[in-house]
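What follows is chain A paired twice: with chain B in the first complex and chain C in the second.
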Partner chain A sequence: MDRARLMLLVVALAGAAALPWIGGPFWTGLATQMMIFGLLALSVDLLLGHAGLFSLTHASFFAVSAYTVAILQVRYGWPTLAAAPAGILLGTALAALFGISVRTRGVYFILITIALGYVVWGIAHRWSSFTGGDNGVTNVPFPAVGPLAVTSHTQYYYVVLAAVILCGLGYRVLIRSPFGLGLRGVKASETRMQSLGYRTGLHIYVAFVLSGALASFAGVLYVYYNKFVNPVAASFPVSVEAALMAIVGGTGTIVGPFLGAGVVLGLRNWVSSFVEMHHAIMGAVFIATVLWAPQGLVGIAARVRARLKGRDG
Partner chain B sequence: MSISAMPESLLSVRGIHTYYGDSYVLQGLSLEQPEGSIVAILGRNGMGKTTFIRSVAGLTPPRQGEIRFKGAQLSGRAPYAIAQAGIALVPQGRRIFRSLSVRENLLLPTSGLARPRRGRWNLEAVLEQFPQLAERMHHSGAALSGGEQQMLAVGRALMANPDLILMDEPSEGLAPKLVQQVGSIMQDVRAHGHAVLLVEQNFEVAMSVADYIYVVSAGRFVFEGTPAELERAPEVLDQHLGVARAHA
Partner chain C sequence: MTSAILQAINGVSLAALLFLLASGFTLSFGLMRVVNMAHGAYYLIGGYVGLSIAEHTGSFALALAGGGAAVALGGFFIDRFLIRRTGENHLAQVLLTVGVAFVIGDVALQIWGGDNLMVPAPQQLKGAVVLPGGIYYPKYRFILIFLGVFVGIALWLLYKKTQIGAVVRAGVDDREQVNATGINVDRLFVMVSALASFLAGLAGVAGGAFLTLYPGAEWEILVYALVVVIVGGLGSLEGAMIGALIVGLLDAYGRWLLPEFSYFVLFGPIALLMIFRPRGLFGREH
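Presenting the complex of A and B:
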C-alpha cells in the first residue's frame, strides 16, 4: 500500500471514530445505515462484480435473517449470542436452497431471482400469524452479550463499524484468494474455465451461498439498528437498491458498495425533504452512472488520479 | 501382433459424429495418437477442425462414437473432468483472460476448486521457458502482443501438467517469424513428454512439426500418414489443401 492510500485510510478511520461527536445523531444514524446497506450491496457485488451474475433476491437472505433474530429475541427471549447466529444460519440455509438459480445464466438468472425474492416477500406479507404481517415484529432490543450491552445508537454505530471493518478484511482475503481469482475467470469466460478443469457451476454455487451469508449478516446488523422488521426488508426494491448501490459506487471493489450506499441513502434523505419524487431523481442518477461512469465513483476517482499523475509526470 | 501387445494409444478417437447445432460437421472420424507425439489435423476453413478439438475437449460432445484417453472412456464426460484427466486446451485466437494479469492467467489452472495435477511445470518452470512473460507478470492480458499471448496460452496449458495439449490454429494471425517460434515451442513441449494434437490451416507449420498428419475435408479424413507421405500425395495437396507443389 502506498503512502497516499495509507494516509487516506487513517483519515477515514479517524473520521469514522469521531463522527458521533462531529455529526450528532442524524449523521451517525445515516452512517450506520450506510454501512449496513453497504454490506448488503457488498454481498450482492460478490456475484455481480466478481462472477458477473446479477442477483435480485438478496433482500430475501437479509430479511429472513432479520426476522429470525427478531422473532427469537422478542417472542422466545433468546439472547443475542444465540439469536444472531441463528439468523445468519437460516439466511445462509435459504441461500443454499436458492442457489439452484445458478443453474441458469444471464437474463434467466435475473428473472428466477426476482421470482424467488417475491416468494419470500409474499410469505412475510401474508403469513401474518407468524410474521406479524405488515406490522412485522417490533420491539427488538439492542444486542447484548453477557454483561456487555449496547444501550444507545451511538454505541451501536461503533459495533457496526467494527463488524464492517472485519467483514471488509475477510472479503478482501476471499477475493484475493484462488477462489476469488476463479470467480473473475468465470466472469470473463465460463467455458474457458471449464476447459481449465474448473467445475464452474459448483464454484458459482459456493459464491452464491457465501454471498447469501454476508447478506444475512447485514440483516442481523439491520434488525438491531431498526428495532423492528416488516415485509419491506424482503421487498424487491431492497434487492434492486443493493445492486444499484454497488453499481453507483463501483462494482468489483470493496469501498464502492459503501460509497454507493452513502449516495443512495444520502440522496433519499436529502432530496425527499424538498421533492416528492425522490425515486425519479434516484433513477436519473443510476442512468447517468451506467451511461457515463460505468465503473462508478471508484472509477471516477481512479480516472482523476490518473490524470493528476499524468500532469505531474 | 496380438491385441494385448499393441501399444495403447494416448488418445483414441473412434468413429465420432458431431453436430454443431443442426449441421452435421464430423461424419465418422477416427484418430490414434501415441504418447509424446505431435499429430496434426490439416484442412481448410470450415472443414471441422475446430469441432474436432471441441469434441475431444467435451465442449461439443459427439453424438456417436467413442473417445478414449489413456484407456478410459472420455465421451460423455464434462469439460472440467476431461481437463482434470490431463487434457489442456489452447483455444483458437489465443483466448487468454484479458481482464486478468499474466500471473493470474498462469495461476488459474492450479487455483480454486480445480484439482491441480503435479508435474514438472510450475510458475518458475514456465517463466524459464518463456522469459518474456516474466517481465510482464503484472500486466493485464490485454496489454500483450500476439506472440506473447500465444506464449501465455501455451504456458497456461503447461501449468496444468497435461499429457495432451490441444492446440487450435496456434499460427493464426501471427507474423511469419512468430509462426516459426510457435513451431519450436511445440517441439519443446514434445521434448518434455507432452503430446500435442494440433489443428492447422498452415501447411508449413504442420509439415515441419508433426509426426503424423490427418487431412480433413467436409467432415471426413481424406488422408492420414507421415509428412513425407503427404508430400508424395499430390492429389490430396491439390484437392483438399489447395497447396500447389512445384514438383508435384
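Presenting the complex of A and C:
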C-alpha cells in the first residue's frame, strides 16, 4: 500500500470516528445504513465481481437472518449472543440450499435467483401467522452482550463501523487467498480452470455460501438498526439495488460497494425529500449506470488517474 | 372432487395468461438474446391503457388491441434506443430493463393511482357457465383459455409453417449465417420484438379483467413468467406452452392445498429441473 492510500485510509477512519459529532443524528443514521447496505452489496459482489455470477436473491439471506433475530429476540426472549448467531446460521443454511443454482450459468442463473428470491418474499408475505405478514416483526431491541448494552443509535453506529472494518479485512484476506484467485480464474475462463484440475462447480458453490453468510450478517446488523423487519427486506428491489450499489461503486473492489451504497442511499434520501417518484429516479440511475458508467465510480477514478498520469509522463 | 376440477380450470386459465407473457419473453431471448425484465411492466401498463380505453369507449376488443398496440410502440422505442445499446451483455440488460420497469411502474402509479383496478369485461363475457355435473364456473376464464389456445396455435403456425417463421428459427440457430444470406435480420428483430411487446400488453388487458391491476403486479406476474421460461427452456415456444401449464396448475393447486406456501410450490419444479436439466425441458446451449 503506497503512502497516499494510507493517508486516505487514516483520514477516512478519523472522519468515520468523528462523524457523530460533526454530522449529528441524520448523517450518522445515513452512514449506518450505508455501511449495512454496503456490506450486503459487498456480499453480492463476491459473486459478481470475482466469480462473474449475477445473483438476485441476496435479499433472501439478508431477510431470513433479520427475521430469525427479530422473532427469537422479540417472541422468545433470546439474548443477542444466541439470536444473532442463529440468524447468521439460518441465512447461511438457506444459501447452502439455494446454492444448487450454481449448476446454471449466465442468464439462467440470473432468472433462477430472481425466482428463488420471490419464494422467500412470498413466504414472508403470506405466512402471516409466523412472520407477521406485511406488518412484520416490530420492537426489536438494541443488541446487548451481558452487561454491555447498546443504548443509542450513535453507539450502534460504532458497533456497525467496527463490524464493517472487520468484515472488510476478512474479505481482503479471502479474495487474496488461493481461493479468491481461483474464483477470478473461473470468471476469466471456467473451462481452462477445469482443465487445470480445479473443481469449479464446488469452488463457486462455496463462494455462494460464503457470500450468503456475509449477506446474513448484514441482515443481523440491519434488524438491530431498523428495529423491525417486514417483507420489504426480502423483496426483489433490495436484491437488485444491492447489485446496483456494487456496480455504481465499482465491482471487484472492497470500497466500491460501500461508495455505491452511499451514492444510492444518499440520492434516494435527497430525491425523496422533494419528489414522490423515487422509484423512477432509481430506475433512471440503473439505466444511466449501464449506459454511461458500467465500471462504476472506482472505474471512473482509475480512468481519471490514468489520464493524469499520462499527462505527467 | 368438484374443487379439484375447479382448480384444474383455474390453473389452465392462468396458464393461458402466462403463456401470452412468456411466449414473447422466450422468443425475444431466442432470436435477439435479449433478457427483458420490463416484460412485467409492459403487462401492467398495457392493462392500464386497456382499462382507460375500455372506460372511454366501452369496447373490450378495442381495449385489447389498444393496450397491445400502445405497448408494442413503446417497446419498439425502448428496444431501439436503450436495450440495443447493451449488446449481448445479459447483466447490463437485466439492470437496464429493471430500471425501465421501475420508471414505467412509477409513471403508472402517478397516472392510475395505487388502488386495485379491474378492466371491465363486456356483459356477454360475464356470468357463469354450467359444466356437466352442475359445476358453475366464470365464463370469462374459459374465454381466456380460448384466447391462450388461439394465440398458441397462431404463434406455432407462424413459427413452424410460414417462411417468416422459418427465417426466425434460422435466426435463433445461427444469426450471422442468416444475415450472410442477405436476409435483413434487423427488420426481423423489430418484428419479433414488437410481437413480444404486443402480446405482453394484450396479456395485461386480458389479465387485468380477472387478476386486477395494481402497483407491484408487474413483478408478481414477471416472476411467474420467468418460472415458465426456466421450466420450459429459454427460446423454446413448446417449452413456454408446457411450462405455462405446469406453473399454472401447480399454482392453482398450491393456493388451494397450501395457501401460505403457494410460492414455495413454485420452487419444487425449479429445484428438480436444476438438478436434472439445468437448461429447462426444451432449452439448449446458448
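Rule of thumb we're sticking to: the second predicted complex is superposed on the first by the 313 of 313 C-alpha atoms of A that agree within 3 Å, B and C clash if a C-alpha of one lies under 4 Å from a C-alpha of the other, contacts with A are read in each partner's own complex, and residues count from 1 in each chain.
The rule we apply is simple: a residue touches a chain if its C-beta (ideal position, glycine included) is under 8 Å from a C-beta of that chain, and two chains touch if they have at least 3 such contacts.
Here the structure is a predicted model, which means the values were calculated and not measured.
Visitor: Quick one: is A:Ser152 in contact with chain B, with chain C, with both, or with neither? Answer first, second, both or neither.
Guide: Neither chain B nor chain C is touched by A:Ser152.
Visitor: Looking at A:Thr200 after the superposition, I want to know if it touches chain B, chain C, both of them or none. Which is it: first, second, both, neither?
Guide: first
Visitor: Please indicate which partner A:Gly185 is in contact with in the superposed arrangement: first for chain B, second for chain C, both, or neither.
Guide: first
Visitor: Counting residues of chain A touched by each partner, does chain B or chain C come out ahead?
Guide: Looking at chain A, the partner in contact with more of its residues is C.
Visitor: By the touch definition at the top of the document, which applies to A:Thr138: first (chain B), second (chain C), both, or neither?
Guide: The answer is neither, since A:Thr138 touches no partner chain.
Visitor: Residue numbers of chain A touching chain C in their complex, please.
Guide: Touch residues, chain A against chain C: 48, 54, 56, 100-101, 103-104, 106-108, 110-112, 114-116, 118-119, 121-123, 126-129, 236-237, 240, 243-244, 247, 276-277, 279-280, 282-287, 289-291, 294.
Visitor: Enumerate the contact residues on chain A facing chain B in the complex.
Guide: Those in contact with chain B are residues 178-179, 181-182, 184-185, 187-189, 191-200, 202-203, 206.
Visitor: Can you name the residues of chain C that touch chain A in the complex?
Guide: Residues 29, 35, 82, 85-86, 90-92, 94-96, 98-103, 105-107, 109-110, 219-220, 223, 226-227, 229-230, 234, 259-264, 266-267, 270-271, 274-275, 278-280, 283, 286.
Visitor: Taking the complex as given, what residues does chain B use to touch chain A?
Guide: 57, 59, 78-80, 83-84, 88-89, 91, 95, 97-100, 104, 107-115, 156, 160
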